[in-house]
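In what follows, structures are represented as structure tokens.
Across the two complexes that follow, subunit A remains constant while its partner is subunit B and subsequently subunit C.
Moving on to the complex of A and B:
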């Protein structure tokens, strides 16, 4: 056995290089997708927002911050943002509390409980537009819901045509569609809570409500945070329900930000201003997510 | 695989592909593929278009025309999105309401020269009224291939069952007015059927109410399009009449209620005559087609229009314009007029129309179609119509409640649209 006196030339394909290539190959599909479908469009939208783009006249002129100035002066925008806030707040509160209630009710060892879990989850897998169209028939003035109310002697409101009930209708249709998803997440979290904690609490004489407040809620708080982020971010992106049910009406009472953005860009052909509105939407979503993430440190309980 | 073999195979592959690509380029220079967006997906319509495109190809073997149906509801939105995405069609149908946007934008290819020089075209045969909306400074930018008058379709079975007077009886007696039309519709309220439906209005497409308020001499804005006229007395009176018909007399389906005349749900519907194709073949009812009733301002007629324009940005704009000239020449216009009434005077006779509209009697054709196309006013349009439409729609929502204050609603509509009209 001889020892090499001259250092061997390091081969090009070192283990590190091979690993790196393999790693990049694995993440490439996701990375390319994100770049092509998220980052590039995001950059373009910002670029468009600095321009006045008249599609028909084929003119694309740099206008600097004019679209952002317009944002500040747009008389409709306060009403649109209010409608968005009402929708998101209403949806988040109703969706999360109903999901938690259902999860607690379904977290029992009873015969046939699986059937109920499936039933409540099934709307999640139904096509959104089909779901909304069926509800639009039910919510018509001479539709199924008012027909039922009439049978029991109640004159129902014209759900989609009155400002207050239109917003409530849109929220409830959306809650029923998606509550099953949050319910399943809560159910999984509930089943992860150690049973000994409840036993210990019972020995100490804690009431059912107290057990829920002091054990269940803290133990599932990471899930509550997760679902609240998903639900609020999702609620800011609501579009199909508005387009099918109310088209933003009556008046502008259900014109949420995404629908307003669609109107400006695709119906009124103000692509520049529409892009500016989508930058605003992006900032709102980013800030809300950041705030919720910060709150995590204060209110979410982690075992370790 | 060594570096050399892979290099060699790459070169071989390039040797095969590149000549193919070049020959493809050479071939593509000769072939012209034209794409026209349309909002009808009706099979009979498409068959006729394809037939016309095929006979054009017989004379011009290198030109292929394809028709791309886009759903009616968001037609203009889809079309402008295609344009924004750099994928504009060569030809497109255009609604009368967006005529101003398209004609004024410079997006369309001027057609006057091509059409007046096309052999046997006879542009002078086309009535000038229908061309007005599609022209700017004496140049035609889109050809109105469909000029479809509004009329009232009547279900006589439903009306006689309720013991009310039919429009035909009223016309004979000279009493066919909006007041009497609504009286007949009101008589239906107890029967569970709907009275009178303004088709496709649905408390959103308010411009379809023009078929009513024009009878009061009302219009949404001034002739020059710069001043809102919703607040003027004729419009306030007309809207009060409509409001009363809906909420007091229950003569029209209320907001959020649906009824389909062609399914036999209603006594009367105001719509374009091209809807005659929806009349039921089975379980047919005794139907009639009559002109719009007279309003306080007298008799009037309304037409809806659709035009075909060629996009100036198309690399084949001239060929597309030639195809448009072929598609709407006298011979093909006669074929098209079975679905889309032509504005050519030579085709505006009961005899010519009767051949292609077997459903309608000569009297109906004369009273509704010929009179309508000759004297009819077009539904109002405006530059930036989509935004004005949407703003008026939002404003009118507060009119569609039982205790609405009509003048106040009209005033608030004018407040919001006046700045848009000035643009």
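Moving on to the complex of A and C:
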């Protein structure tokens, strides 16, 4: 410590200066990477959205808000947004309620409960496309699921080729794939609820359901909100499942926004309109995240 | 009561474990038995040649290697960069650190699906289309790594400062404090970051199909969808064999290390 032995002459390399250098050096790779591969592309996507750009015709012309006008008139878009909304809402509701049910079951003191936890979690680590292909195989018209249904005398639908069941199939496949993650987060939250609260409630004669409603849910509400944010924002990015299971069909019944944006940009080569759809996706993600963080402040009862 | 709980859980387990069972058994069924009625829970005849056919129809070994090395680089890179940035944002005071942290956090709002068009143009300009660079660079610096930085920062904020102070009195520089003292303590958070980064890279699908066009460069998720006959019909048993080889190693690692796996994710995910 040179500063201690020569107090009058402060060295140039003070702790503050060294820390500043260290700080900038430490954050530089992540910061520069995020700017180059995330923030600049976001600026570019907005710039592109103001252009009519057909890659095949090699045309790139400034058209102002024409793509946004097109967005408002696009007859497909309401159906695409409806499909996205159904998918995200269905996924979130099913995922959260199943995760909570499984977490409550796994919170019981039973022999071999870890085996069940491991098995319920296992689809999370199975390759996404492998999992989806297996379900695609199971859901074929003459596939495993309809085979088993036929054994008990039920004629199953052609799951992936009928509008109603295609959407249900896509949601369910995704729920079973990832519900284990939310289940584990809920389980950890349940195990963090102080046991005295339940004892006090039992003394007061509260039923199990009342204990769940009045103690468990409020106590784990931060986790419920956090996982719902992650689940809904994640559901907006679904792509591989749609591409493998239904290719957006039948019709456009399972064409969610990301899949539509992929089609417009990379199958039809409308990069300008594809960029406009990207901006729409970005705004939806941003608004949802903002709303949920505001809700977090209002309705969460307990936060450590 | 206990028996009812076990029964309920066993029924609920069916959609979680049956697909894996169906994948394994169907991968060794001859094609004529694949849609047999009634469905066979155990193959009535075995056809092991499906596994050899996977390698005949696709350069599957090469594709396996592509996925594995890309996931390894992405995981290692994310662990290094996110722990450095997370540490600095949590423990080092430097001018503008809050502003820079906000800039990085913005990345969480922007999934790569939003920026895929300009990313394609950028990599086209750099001559990196049909190379693995986009599959490495975009995840290492995009939304998943921002989340990793956030997780690491939350972890380092909670660490007590005394150890660092003692090390500073002993004259250790910032890098040594980070490397020798802080990082070893961060093993649980690093483990969780490693797991979800690996799974993210291993599952990547949109980026490969946008950036990669030749079979030798394909990653596994892309390769899995390619086992079709001349008419575009799926060769299900061969597809199941390829899916089995893709899924089983990760599943095996998970089952061996499931305790660390699950608990690491739970404890990190909670501190949002």
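As a working rule, the second predicted complex is superposed on the first by the 290 of 304 C-alpha atoms of A that agree within 3 Å, B and C clash if a C-alpha of one lies under 4 Å from a C-alpha of the other, contacts with A are read in each partner's own complex, and residues count from 1 in each chain.
We adopt the following convention: a contact is a pair of C-beta atoms (placed from the backbone, for glycine too) under 8 Å apart; a residue touches a chain by one contact, two chains touch by 3 or more.
Computed from a predicted structure; not experimentally measured.
In the overlay built on the shared chain, the residue A:189 is in contact with subunit C alone; subunit B does not reach it.
In the superposed pair of complexes, A:60 makes contact with neither subunit B nor subunit C.
Legend: residue contacts after superposition of the two complexes on their common chain; A:293 is shown touching neither subunit B nor subunit C.
By the touch criterion defined above, A:142 lies against subunit B and subunit C together after alignment on the C-alpha atoms of chain A.
Of the two partner chains, subunit B and subunit C are each touched by A:266. For subunit A, the partner that touches more of its residues is C, with subunit B and subunit C as the two candidates. Note: residues 140, 142-143, 266, 271 of subunit A belong to the subunit B contact set and to the subunit C contact set alike, using the contact criterion stated above. Within the complex formed with subunit B, the residues of subunit A that make contact are 53-58, 139-143, 158-162, 247-252, 263, 266-269, 271. Within the complex formed with subunit A, the subunit C residues making contact are 2, 5-6, 8-9, 12-13, 15-17, 19-20, 22-23, 26, 35, 37-39, 80-82, 84-85, 87-89, 92-95, 97, 100, 103-104, 106-111, 113-122, 137-138, 140-143, 145-146, 149, 169, 171, 173-175, 178, 199, 202-203, 205-206, 209-210, 220-221, 224-225, 234, 236, 239-240, 243-244, 246-247, 250-251, 253-255, 258-259, 261-262, 265-267, 269-270, 272. If you check the complex, the residues on subunit B that touch subunit A are 77, 80-81, 83-84, 101-102, 105-107, 203-204, 254-258, 313, 384, 386-387, 390, 393-395, 397-398, 400-401.
If you check the complex, the residues on subunit A that touch subunit C are 1, 16, 18-20, 22-24, 26-27, 29-31, 33-42, 44-45, 48, 102, 105, 108, 110, 114, 116-131, 133-138, 140, 142-144, 147-148, 150-151, 172, 176, 180-181, 184-185, 187-189, 192, 223, 226, 233, 236-237, 239-240, 243-244, 258, 261-262, 265-266, 271, 274-275, 278-279, 281-282, 285-286, 289.
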